[in-house]
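Below you'll find the structures, each written out as structure tokens.
Both of the next two complexes hold chain A, though its partner changes from chain B to chain C.
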Partner chain A sequence: MKSVVTTVIASADAAGRFPSTSDLESVQGSIQRATARLEAAEKLASNLDAVASEAYNACIKKYPYLNNAGEANSTDTFKSKCARDIKHYLRLIQYSLVVGGTGPLDEWGIAGQREVYRALGLPTAPYVEALSFARNRGCAPRDMSAQALTEYNALLDYAINSLS
Partner chain B sequence: MDKRFFKLFNLTEDQAIALLDTPQDQLSEDDSRYIAASHLVNFPTERSIQALMRAVQQTDPALDNRIVRRKSVETLGWLEAPQALPLIHTCLADEDCYMVENAVWAIGEIGTDDPDILEDVAKLLDKPGQTHRVIIHTLAKLGYKPSLERIRNFTESTDPTTASAAITAVCRFTQDYSEMGKVVAMLQHPNVLARRLSIQDLIDAHYDAAIPQIARCPVSLVFRLRGIRLLAEAAGEAIAFETIQPDLERVLYDHPKDLDLVHRYEQPPALPALIRGLYETDFGRCYLAVQTILENYAEEAPEALFATYAEEAVYDYGAHFHVVKLFGWLKHAPAYDLLIEALHNTQPQFQKSRAGAAIALGELGDQRAIPELKACLETKIWDLKYAALMSLEKLGDRGYEQVIDDPDWLVRAKAKSQQRQLA
Partner chain C sequence: MLDAFSRAVVSADTSTSTVTDIAALKAFVASGNRRLDAVNAIASNASCMVSDAVAGMICENQGLIQAGGNCYPNRRMAACLRDAEIILRYVTYALLAGDASVLDDRCLNGLKETYAALGVPTTSTVRAVQIMKAQAAAHIQDNPSEAFAGAKLRKMGTIVTEDRCASLVAEASSYFDRVISALS
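This part shows the complex of A and B:
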């Protein structure tokens, strides 16, 4: 699993050298942010279902045309589509918070997944809209500390950016 | 191409264009330019194409605009708009690797033999941080042979999906398919995306020799059916229906005993943990859970399945499918009504549960299902019709007469094969 630490060691090893000063600084930076990341990970884990359902419920409310009846755009369709996949992405975001790098998202949620969505004609818009809602809705200190929220939002942005 | 999700956002063309043209800071809270850019895929008109091109030229680097630009390029690719090629060409130099990926993909969809564009795509192979797999796909699809040696450098890539695409492209360029075994081996990779995407590479290479291994690959049957079908269609008359029929039907039947599973449990987990396993996004793990439930918890499982269905699986299109199938394998007669409901569920993301329910009803052996299955022969969903035929055959019904001239060639071939058997 790729993280700041494994990346630094892998590139030092590939060159047959010790980690450089700047390598160690980036590891140090990652460690300094670890408390905030783990706080965000803990809060997210204990609220995963609520965050996911709030995100898709809000989306439906926000985009009334998603509610129109019909084979491909009924409310239930959109809700259940999101419920499953948003939870999956939030779980990968939670792993990434723990790891301290985007490895879990990259390896399990993004690399190749974009191709799958295109090949099967699956819509990315519902994920993007629901994750955007989750990002805009987070509030410090109500949900978590400001530093933890920064870490969490950075990963939400990363997921939105790379899925769209 | 499966387009059942394309009309998800019920906008008119005028509304979507107006939305896409609205400056980001003037949008109301209820609107999304990203959705507009996605939705224009439904309108292959000059107006839509021009609107999408205008959106690509809005270069505000804010995230909200960046994703709209990218999506607009993707939609231009779907619309196969050659007038957008010069503009998409300029996107190859973009800083944003996903914009570059979409531009490369769109060029592949639109098609070109312009050597300047193709060379610029090939040069991206030397640029780190790009989605090299998609670049390789487009170069192979458009037959740009000067990129062969550069592609060859990726055949040993540590990323299995890039290596798979590179091996396939080299085989296609050189017409030497001796290395394709390495791509076939990826069907057993521990990473689910490597397994899924190697099927795409086998399709691209027209490597129909791999059909039996594709059938046994532990990924969702959607990927396996797509692979077998596209390979058979590419082969045309070179492959007889009877050759692919056993593998095709094993995939539609979709029992875990017919799969080469890549995951193992150290100890069989307790039933609640196995039920959770049905919700995994890697179907390889779901099939392992299904098999373990069948082997260890056949007695207790129905109650737990009804409970998880009511609570969650009814909304979760992955677990929904496995619950439906399990009721069939368990031959659990009280699940009849649930299966009938699943059989007629028209929500698009539950589509694979419909064919799954058809198979499960065949397992139950309840004759009341015959008219219900026959009603499915009227739909346009080929795998549902085929699965219904398999179960009708099991229930001793001559449903094939209804689809002997079906527009779908696989359904027609199945009906004719049943007719011959009974003649």
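This part shows the complex of A and C:
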């Protein structure tokens, strides 16, 4: 899993040397930013269900045609799967906050996403709407500190860009 | 390769739940500078540690440098020093990452079989690793023994905390123990 620490170790290993001072400096930089990221991860984890259901409701409100017969949100099974998908993205965002890089989103969310949605005939616009809603819903200092919110929003933007 | 953070993520993903044990990661972050000091203490003393460990191993078993021994002639002694340095390097990486996966995947996987095929005596290797384990503990605590080091005594001069980084010493020792159990 790609993170600052693993990248530093991989390059030191490729050169066959012990971690140098500059390697340790990069790791320290990552550790300094970690406090805000972990705060965002903690807050997101404790409110994941609420954030996911708000985002889901927002996208169905914007695209009500999804409730029509034969569309992606028409039956109870489909509805629960849509809500699960939104929650899935938010969980991967929480992972990325913990790791301090986009590794989990890249490896478990974005790789193959286009192909899967095409094969299943799913529109990506509602996902974008749901994540954009979450993107604009977060508020500092009500939900988390400003720096934590910046980290959280950056990852939501990354996920949105991958879908649009 | 994983670090302490991605290890938490991978284990949370197996149950499709969010990472809940944030407190442990916060502790990792809080003691981050100490960890970097510990890595630096080992990296800065690496060549000294390696040569002392191999020399100590030979002192205890002179047969190694006599004809037919595994550290005779110089070519094989050099290979031995190189291997000790490689092992110490991967232990340092594991200590930096806070996770043993880099040590397991890139160093220990197949090491025992390789040594068996090359006829390297594992008991001697284990002894050298044990010496490096004691040295690493001394350097992380920054209290190398005057009795053993004599004129070669080196201190990092970092700020010594009350518990002398007990958790990091324990963690580093666990990585050395991992090497020892992989070899024996």
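Throughout what follows, the second predicted complex is superposed on the first by the 127 of 164 C-alpha atoms of A that agree within 3 Å, B and C clash if a C-alpha of one lies under 4 Å from a C-alpha of the other, contacts with A are read in each partner's own complex, and residues count from 1 in each chain.
Assume a residue touches a chain if its C-beta (ideal position, glycine included) is under 8 Å from a C-beta of that chain, and two chains touch if they have at least 3 such contacts.
Because the structure is a prediction, the values reported are computed rather than measured.
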item: Touched partner set for A:Val27, first chain B, second chain C, both or neither; value: second
item: Touching partner for A:Ala12 - first (chain B), second (chain C), both, neither; value: second
item: Partner chain(s) touched by A:Arg118 [first = chain B, second = chain C, both, neither]; value: first
item: Partner chain in contact with A:Tyr95 - chain B first, chain C second, else both or neither; value: second
item: Touched partner set for A:Asp157, first chain B, second chain C, both or neither; value: first
item: Touching partner for A:Ala45 - first (chain B), second (chain C), both, neither; value: second
item: Residues of chain A contacting chain B in one complex and chain C in the other; value: 108
item: In the complex, chain B residues that touch chain A; value: 1-11, 29-30, 32, 34-35, 38, 63, 66-67, 70-71, 74, 98, 101, 105, 131, 133-134, 159, 161, 191, 193-194, 196-197, 200, 222, 226, 279, 281, 315-318, 346-349
item: Residues of chain C that touch chain A when the two form their complex; value: 1-3, 5-6, 8-10, 12-13, 16-20, 22, 25-26, 29, 32-33, 36, 39-40, 42-43, 46, 89, 92-93, 96-98, 102, 106
item: In the complex with chain C, residue positions of chain A that touch it; value: 1, 3, 5-6, 8-10, 12-13, 16-21, 23-24, 27-28, 31, 34-35, 38, 41-42, 44-45, 48, 91, 94-95, 98-100, 103-104, 108
item: Residues of chain A touching chain B in the complex; value: 62-66, 68, 70-74, 76-81, 83-84, 88, 107-108, 111-116, 118-126, 128-129, 157, 160-162, 164
